[in-house]
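Chain IDs A, B, C and D follow the sequence of writing; residue 1 opens each chain.
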Amino acid sequence: MTAAQVLFYLLAAFTVALALMVVLAQNIVRAAVALIFSFCGLAGLYLLLDAEFLAAVQVLIYVGGITILLLFAILLTSRIAGKGVRVLNEQKLLSGLVAVVLVVLLGAAVRRGFPALAARPPQPENTPAIGELLMTTYALPFEAVSILLLVGMVGAIYLARKEPR
Amino acid sequence: MVPLSHYLLLGALLFGIGLFGALTRRHAISILMALELMFNAVNLSFIALSRYLPGSHMQGHVFAVFVIAVAAAEAAIGLAIVLGLYRNFKTVNVDEINLMKW
Amino acid sequence: MDAQAATALPQGIEFERGETAEEMYVNMGPQHPSTHGVLRLLLKLDGELIKDCIPYIGYLHRCHEKIGENRNYIQIIPYTDRLDYLASMYNNWSYVKAVEALMGVKPPERAEYMRVILGELQRIASHLIWMGTFGLDIGNFTIFMYCFREREMILDLFESVSGQRLNYAFFRIGGMPMDFPETFYNDADGFLEWFKGRLPEYDRVMTDNIIFQRRVQGVGILSEEDAVGYACSGPVLRGSGIRWDLRKNDPYGIYDRFEFDVPAGDRGDVWDRYMVRRLEMEESARIVEQALAQIPPGEIMAKVPKTIKPPAGQVYSRVESPRGELGHFIISDGTPNPYRYRVRSPAYVNLSALPAMLKGCLVADAVAVLGSIDIVLGEIDR
Amino acid sequence: MRRGATRHSLLVAGKSGRTVDELIQLLAGMGLPGLLAQAAGMLAVCAIIIGYIAVASMFMIWWERKISAHIQVRLGPMRVGGWHGWAQSIADGVKLLLKEDIVPTAADKLVFALAPIVVFATALATYVIIPFGPGLWTKNLNIGVLYYISISSLTVVGIIMAGWSSNNKYSVLGAMRSAAQAISYEVPLVVSVLGVIMVVGSLNMEAIVEYQSSRMWGFFPGHWLVWGQLVGFLVYFTAALAECNRLPFDIPEAESELVAGFHVEYSGIRFAMFFLAEYANMFVVSAIAVTMFLGGWKGPVLTLGFLSPGLAAKLWGLFWFLTKAYFLIFVMMWLRWTLARLRVDQLMHLGWKVLLPIAFLNLGFTGLFLILKDVWWGS
């Protein structure tokens, strides 16, 4: 096994274990912390895929931005969470079944669709290539996303604003 | 070398876990977290495909960037909704919030 | 939420129930770096916003007044030192003045001058401590050491006069026990000279600093009506725009012989209270200078019997301490012990206005506002 | 598999990760198998950095105490160790190591234990890209600046973990303040740095330093980016102060309001880790500022007869780099001991309504300037 393989399986196991903790943890803050670490594991996987720009963006946006926001909202809405509260609803079995079936189907599709593709074609340097694509081929979607972000920002502010008395 | 299918399987597994969480968790913020997990599973697949498929020209990366941007917007709005729910219902457990209008 | 509120609140105290669920009850104190002693503030917070506040006192209660009733008139003097331990001279002064009024004794002129000099120096020392700790409250650590440097000099002066640095017990019924030592006049002149040079330094660190101004301006506003309604006095009252100073409005001793101004604010915010104290230091230095120039030679002690037995009757005497109107109320029944001995403490009364000032402030403001009242727990709890 | 490819895929190496690679090759030359040599080399570098952080932080703590003391007309530590109390930090460190490790009963033990590790590990991770001198870096990443920005945003995670797990109202308040502050100041920080990246056209730290290397009239460092990007530098420095939780932006730990904020309940070695991380972060922030605005390790190089020219250049580079970085650290300490603390709302106001627009204006003008330059002088 090469270092890359060792690292891949370690990171994969780490990420999956923490993802399980996210959905199963009793305590929501612990779940959020597990989410943060699983994002870090995913960033490591991106590095293994030579996607260093996205790895950095992953850490910056997901860990430094989104999960911090999540934690902030958790601190605002729930005090030190009580133990023994039911965290899953009654659809456990059904949704578990759905998820398992989905994973099996996807796995089958993957096995069938991408038979042991292991060679990596050469790839241009990440950051400039992405920048160029965003500014040329994908300029329109890029602008659409910026408008989406603007709309999201306005909406979030409107929703979270306190009603004027 | 790690074959592409392993990355895709990992993505599928994470997506399944996220789906299970989104369907079963009671806490609204937990559901958001499970959603983020699913986004990330998709991102992983995008990037893996982009890396392995010949002639992919980084499109997967660009889509991942878009997904991250959308996820950020989703998180902000979702959290604002959660705060609104909390203000109105004094709870964030979605199965207790069963009124269309208050 | 209810369970939490129940544990946070002492028995018998209840906040109004709010409608938002984001409230949090926080105990600020009794162990907290910014409560200047053992004060406990119960804060009802909405995020960082203060919805309500209840000061909860009594951690330093030591039956000062009851002890007073069981001591004779001279023995009480050292006890008064412990009231407002940052301005002991004024406690002595107010008490001694009350007994003198009860007995109809008038201290000699030189003793009056000595009292004014020591008192005004004490006011500077007290305001210096206040300024330093106020700096700590809003996160400016350097002013603290600057102020303590000058206060140390005043304490050196006091030590040369009375032998003590904090609790002097230096005033006597009917005058002063000892005259100034020879070196005192020179040292006092030197100190005043030095001190005037230091005031611009304080201004550079505190008054002129934009962050400091932003932190204190428009914060913790106490309106004129509220200030009067809560019976505030001293810099808190003057900060709200009422020029009320007992040295001018009810001149005692020889204060009518000196020229000085009474600074006052106009908005009643923390900044005004800060500026009032800052300017008062200059005025006090002016008074000390005039008193040092005018002080006549002569007796320092009036004729007073060995055992002090004031005639039956009652008296209320007040002085303008650095914190406001400090009063002593004494009922005598003709015996060597007072029948009733009561202290009107300015910090206690001023503290009662805190909730009014705090409504709608942030947690950080709570510290600044509390600091601007200049409380001394030794006096509040007695 | 090719060796070069491994390095590229694993560590995203840049053009020249010189000194570290030399070390690894040296180890490999001693007969260690490739993977082991690489691991040993990494461990050695890690040990060097941790050692540097420990020593430098202790020095900075002592230095800050001396600076604050002299600002406040006192002397500071004078006893321990003899000369001006130089051993005071060591004594304090030993004391903290020996102290009882207290975990509050109601705390979430796991998160409580993890939080200081997260904070310290993030501080450590940012040292990877700091170019101490020519070739003196752990890894010369292509995405250097972006790497710093993303890793530095992790600190707040540790702070929130600490604040929440302590189960103390003051620490929760501190954690919330910290989260709000980190999010608000991350944005102007990134935007202010973008100006530099646009001018240089690279995220690589070495490229940024090399861009600033030429001098005017033979001595004046006219190509330091601080001249053209003065606004960016000021915005960066202000936001960086906030990122380090230093006064006037230390509201997450404001001792006079929140007692000590997020680390109220920590003591002993765990507290020491927070403390070390704070000083380590100060150094990182200054080092990044030096690299991006103040010419990095560039400075007059004098030849030292008894050293080879390459080594002399490295040592001089290290000297100039540390001199500039510690000057910035001195400024940070100076500010801390002369300014008052901002209030939460003022902090937000400053971040969103003052720094951010200024940073955007700076970005816009930089872009305009670059375009005009292209149009007038041609590329």
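Some observations on this one:
Note that a residue touches a chain if its C-beta (ideal position, glycine included) is under 8 Å from a C-beta of that chain, and two chains touch if they have at least 3 such contacts.
Predicted model only: the values in this text are computed from it and were never measured.
Centrality by Cα centroid goes to chain D.
A count of C-beta contacts for the chain pairs A-D and A-B puts A-B on top. The chain with its Cα centre farthest from the Cα centre of chain B is C. Averaging Cα coordinates per chain places chain A and chain D 27 Å apart.
Mean C-alpha position of chain B lies 32 Å from that of chain D.
Averaging Cα coordinates per chain places chain A and chain B 6 Å apart.
The centroid of the Cα atoms in chain B and the matching centroid in chain C are 61 Å apart. In chain B, the residues touching two or more other chains are 1, 86-87.
Residue numbers of chain D whose C-beta contacts span two or more other chains: 1, 176.
Within chain A, residues 2, 4, 48, 50, 53, 57-58, 65, 67, 69, 72, 76, 126 each touch two or more of the remaining chains.
Residues of chain A touching chain B in their complex: 2, 4-5, 8, 12, 15-16, 19-20, 22-23, 28, 31-32, 35, 38-39, 42, 45-46, 48-51, 53-54, 57-58, 61-62, 65-67, 69-70, 72-74, 76-78, 86-89, 91-92, 94-96, 98-100, 102-103, 106-107, 110-111, 114-121, 123-124, 126, 129-130, 133-134, 137-138, 141-142, 145, 148-149, 151-153, 155-160, 162. Partner chain C is touched in their complex by these residues of chain D: 68, 71-74, 169-170, 173, 176-177, 247-248, 250-251, 254-259, 337-346. Interface of chain D with chain A (complex): residues 1, 6, 8-10, 12, 35, 38, 106, 108, 110-111, 114, 141-143, 146-147, 149-151, 153-154, 156-157, 160-161, 164-165, 167, 172, 175-176, 179-180, 182-183, 186, 203.
Taken in their complex, chain B has these residues touching chain A: 1-10, 12-21, 23-27, 29-30, 32-34, 36-37, 40, 43-44, 47-48, 50-59, 61-62, 64-66, 68-77, 79-84, 86-87, 92, 95.
Those residues of chain A whose C-beta lies close enough to touch chain D in the complex are 2-4, 7, 27, 29-30, 33, 36, 47-48, 50, 52-53, 56-60, 63-65, 67-69, 71-72, 75-76, 80, 125-127.
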